[in-house]
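In the two assemblies presented below, chain A is common to both, partnered first by chain B and then by chain C.
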Partner chain A sequence: MAGWIIAAALAGAALGAGASDRLAPLPPYGTAYTPTTVDERGLWQQADEAERDLRDSPAVVRDPALNAYLTKVLCRSVGEDRCRGVRIYVVRAPVFNASMTPNGMMVVYTGALLRLRDEAELAALLGHEFGHFEMRHTLASFRRGRTIGDIIAWTSVLSPYSTLPASLIQLHFSYNRAQEAEADLMGLRYLAAAGYRPLAASRIWERLMAEQDATALGRKRHVTHRYSAGFFADHPTELARATYLREAAGADGERGDDSRDAFLTAMRPWRASFLADQIKLNDFGGSEYLLGELAGGQWTPDLLLTRGELYRERGNPRDLVSAAQFYQQAIDAGCTDPIAWRGLGLSLLRGQQEAAGRAALKTYLERAPQASDRAAMAMLIGEGGVQ
Partner chain B sequence: MKGLRIAAIGLALVAAPVLAGNKLIPAGQPVAVAKSVLTVTPSVEWNKLGARPGRNSETWTFDGDALNDLTFYGGIEPEQTLFREVSKRTKPLPRVKATMLVTDIPTLVENSYRIALDTPLFTVEGMEPMAFAGKPGIRFTYSFTRPNEDLPRKGEGRGAITGGKLYLITFEAPRLHYFDAGVAAFRQVANSAKL
Partner chain C sequence: MRRGWGALACAAALTLVAAPLAAQEKTGNKPGFTLAPGTATIVLMRPEIAVGAQSTGGSYEPNADWTDQARENLGRALAEAQGKLGNRVVTHVEPVGQGAATAHEYRALFTALADSVITYQFFPGNRLPTKKRGDSFLWSIGSEVAKLPGVQGADYALFVTTEDHYGSTGRKLLQVFAAGVAGIGVSAGVHKGYAGLIDLKTGDLVWLNADLAMGGDVRTPEGAAKRVSQLLEGFPGKPVEAPVAPAAPTKTAAR
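Up next is the complex of A and B:
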């Protein structure tokens, strides 16, 4: 009991003091915005340091066209005045993620770009992250966490057997989940206001759940989708997000523009390298699901080639047969990348079809005379090298 | 008496590196490595680290494994991983396959590193046939960067598959100074390999 009284008193003092927040009336995306309170200054300083590190990292994709496209979509989504306060960094990492720091640094992973289907979905993602920035979520969460930490410390001194700390920790994580939901809905409002199709926001989560199931099945694990967020979860479950976003999109959620062609045009130069990073993760089930999603019933030569590589890398005897078929289909569908003949030859050789395999590798070397693995492939054909 | 006991405890703490099992490898003597039949004869002294990356592997270094890392993989059997898995459940590593060709060795190394180190910044620069311990084998070069580190690293590997098992020696070091400084010693060790 004593614990609760102390908690109430401390919470009142701490939250009360913070209630006015003493924040500048200016929004954080404004020109030359200067953080005002000591907490905000500290967070911005840390974020500035992180940004300096990231800016020089070899993992950042610096292509001007790709970066300009993301900026354009963000500006259309949240408005020209708001988007100027944000720097977007595309980071090479083959997983679905994006993040935002309080100083306006937005990080988008290449794995997210690979998994999005159209510009409306990209706008939903960027709008969500911008929502965190605009509503100063990091600052609010930091303050809340500190207050809760103080209360827990005092409670454990004055009333060591109290169960209060456990419920306060839960409160902290549920607060973070509420922030995510708030940013989701903020992103959705931007999406609708910019004329994009509102249902795009929920579709991202539906596909992500299906991919996680495919990954689990591919690794012979049980599919463990959760209907409610766990104690320590700082994000709502994908299921919850898909559901409330679909409901919030309303009855005319399909109305609006998805700008699919513009998105595909911007991603075309990148898809092969994003896919190459994905299939090297040893996630057969997830990668196979993703390829099927990207194909949508129409297997293009680049997707067939990637599918061949995926099967060849898993390398069970039956996979090698399938891989050879996919490479052949890619070649028949007009693939001109020499890698297709290389993969075909290697799959056939591993499947003990020596003559056909050597013939395919010969074609590879004819088409890529400067290949860095030329001598090694020549050895497999039986032309020179150390046997 | 009490002082003696404290001194003994202090000594035990100071002696901890000995317990870690790091060992000097003398020059000019054949030595079996990675708990296997693979034998090499180094022409200079190396330090063997007590910590092994996996069951059938061992690491040698001059200045610490962050600066020069020579690792032997001695007879990895089919369906085994190259080194210990970070998480079998969420980040399983690729496994050696019975159908593997020598040209698949660089891919196995690449994918294992990408997953274990959590970095997409890994490139196999090139490969060429080169006998390994008298068996048809491969030599390959690669470059990579660990996450949260802007230091580019270079690596070179020599390996072969014999009797269905993978034998491999890799050397990696920061591109700046350490790779060029140590690679000749690595090549001498790799050339001396016997099975």
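Up next is the complex of A and C:
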């Protein structure tokens, strides 16, 4: 019965496909590459429409220097001839992610930029996404998903109690995980060929696991990192990725360049705003871990300020004491952002240190006379507002 | 990162099928709204058009050629229909830069609004408590829409959306087989569209026409003309008889 079902389904799928299935011989990153098959043309048009909308979206960070830097790293990683087929869009979203559409639109979230440590790690991420583009993964997945859907449709009509659909759905997701692993390894090859440190690729996933642990701990949840992926997972687990990337990096994985200074210079103007977005996630454990990671023993004013905000947001009495200390340390270390005095003042006021708190809030209003919360702060000082 | 669910979700949901749409209403008007012919200027926003095939399993297969044909045919049919709507209709010129972002946001907002009207007003059994009275067709996208670049001087904005999934041969075979042998209903093809009119002074939705089972093959000029006439059925201020003004030669905006 099952064999007959599959034969019928494949016949149906073949009838449905119709037009020519041959792909254009040129690589998709070539100059003015034009897709030729019905499926690829359709997917490209959909992606083009999505790109028109993203291009104009207020969520995109359009800073020329930041974008030029990302393009430079991609070009060094995958090669000058290949990278020209890609447009990179930096999207303001405080989570670790990046994506690629079949037409060469690459999206990198600011949360990923905040979590990467050096240029080699950035190159690994960009190379992974480029791998999806080069291997036409979306197209392959679309076609396989369609064939699997066709077989499931026939099966559910012909043999409603068959377990074949469940196996096929599992197959579909394991195909997608295989694509991710393939893109990971392509990214690693680009990384090594460009002279970056190959171990950078696995480090990303090791730190991400540690951050997930910290998040779970902060939320009093239990977390276990598994090697095998779940039924519906479309990516391999972080543990699996870290492991195979470390193995593939080989014995001399530490050799090569990580261009840490260039990366930090490019990110310096952005880190404060990326951090401000991060602590709005209401993820105390994860944010605290991330701040510690970023500091690496050297607490800079922007990190101290963010840590103060994080503790003040949680707001237990002991957190307010810690927050006031962090704000004071930030100010002592040369922080000039007025919100440090606001945070200090509010923390002190709630910690029963009213005189010092009012003084700090006064400094805040002197430094930021146009602040949108001026009236509220003035009321707290006792200088007006509704009593 | 990336896609994947659609095809399988459709296939899984194929456990079938097609809730009867019979009880659905198709048109709504803001209470008390009238539009006299020859009194207003209407801006036609760039239509949203997607045309493709429906695979045997039910997933959407985008087709670039069909979408291009539909855009051209519907553009021409809309231009012809513009002269017959009783008021002056001009095509929106898409702004660039910041204005384009705003235009995109309003297009998305209109789509969300129209979807809400279809779900919570046009299905009488599913009405929100505030939409149960006869005169409660009150929906708005906000008066800020007046600041949208390219609509200054106009009174109304007309939004048009169509989506077509033509059933593939495999899907039709499955449909016939499922009905004949297994006695299960499987739908083939999705043809939905809506058109709505927004008052640019208040942002209120004054007219919406939505149909989840439209006619007319948008890939052909004749079919597109039929589709446009269905989309604009019940358009306010439309003279009953022949056109009052000759059709102005207009082109749909290329983005």
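Throughout what follows, the second predicted complex is superposed on the first by the 368 of 387 C-alpha atoms of A that agree within 3 Å, B and C clash if a C-alpha of one lies under 4 Å from a C-alpha of the other, contacts with A are read in each partner's own complex, and residues count from 1 in each chain.
Operating definition for what follows: contacts are C-beta pairs under 8 Å (C-beta built on N, C-alpha and C of every residue); 3 or more make two chains touch, one makes a residue touch a chain.
On a predicted model such as this, the values are computed, not experimentally measured, just so you know.
J.: Which holds for A:93: it touches chain B only (first), chain C only (second), both, or neither?
T.: Only chain B; A:93 stays clear of chain C.
J.: For A:81, select first, second, both or neither according to whether it touches chain B, chain C, the two together, or no partner.
T.: Touch status of A:81: no partner.
J.: Using the superposition on chain A described above, determine whether A:57 touches chain B (first), chain C (second), both, or neither.
T.: It touches chain B and chain C both.
J.: By the touch definition at the top of the document, which applies to A:282: first (chain B), second (chain C), both, or neither?
T.: Only chain B is touched by A:282; chain C is not.
J.: When the two structures are laid over each other on chain A, which of chain B and chain C touches more residues of chain A?
T.: So, of the two partners, C touches more residues of chain A.
J.: Applying the document's definition of touch, where does A:317 land relative to chain B and chain C: first, second, both, or neither?
T.: first
J.: State whether A:377 touches chain B only (first), chain C only (second), both chains, or neither.
T.: After superposition on chain A, A:377 lies in contact with chain B alone.
J.: Is A:41 touching the first partner chain B, the second partner chain C, both, or neither of them?
T.: second
J.: Would you check which partner chain A:346 touches, where first means chain B only, second means chain C only, and both and neither mean what they say?
T.: After superposing on A, A:346 lies in contact with chain B but is clear of chain C.
J.: Go through chain A and flag every residue that touches chain B in one model and chain C in the other.
T.: In chain A, residues 56-58 are touched by chain B and also by chain C.
J.: Touching residues of chain A toward chain C in the complex: what are they?
T.: The touching residues are 9, 12-13, 15-16, 18, 38-39, 41-46, 52-53, 55-58, 97-100, 129, 132, 137-138, 141-142, 145-146, 148-154, 156-158, 165, 169, 172-173, 176, 234-235.
J.: Touching residues of chain B toward chain A in the complex: what are they?
T.: On the chain B side, the touching residues are 89, 92-94, 97, 99-104, 107, 110-111, 114-115, 119-121, 125-131, 136-138, 145, 147, 150, 152.
J.: Tell me, which parts of chain A touch chain B in their complex?
T.: 56-59, 92-94, 110, 219, 221, 277, 280-282, 313, 315-317, 320, 346, 349-351, 372-373, 375-380, 385-387
J.: Show which residues of chain C lie in contact with chain A when the two form their complex.
T.: Within the complex, chain C contacts chain A at residues 1-4, 6-8, 10-12, 14-15, 50, 52-53, 55-59, 61-65, 67, 97, 100-101, 103-104, 108, 168-171, 173-174, 177-178, 181-182, 184, 186, 255.
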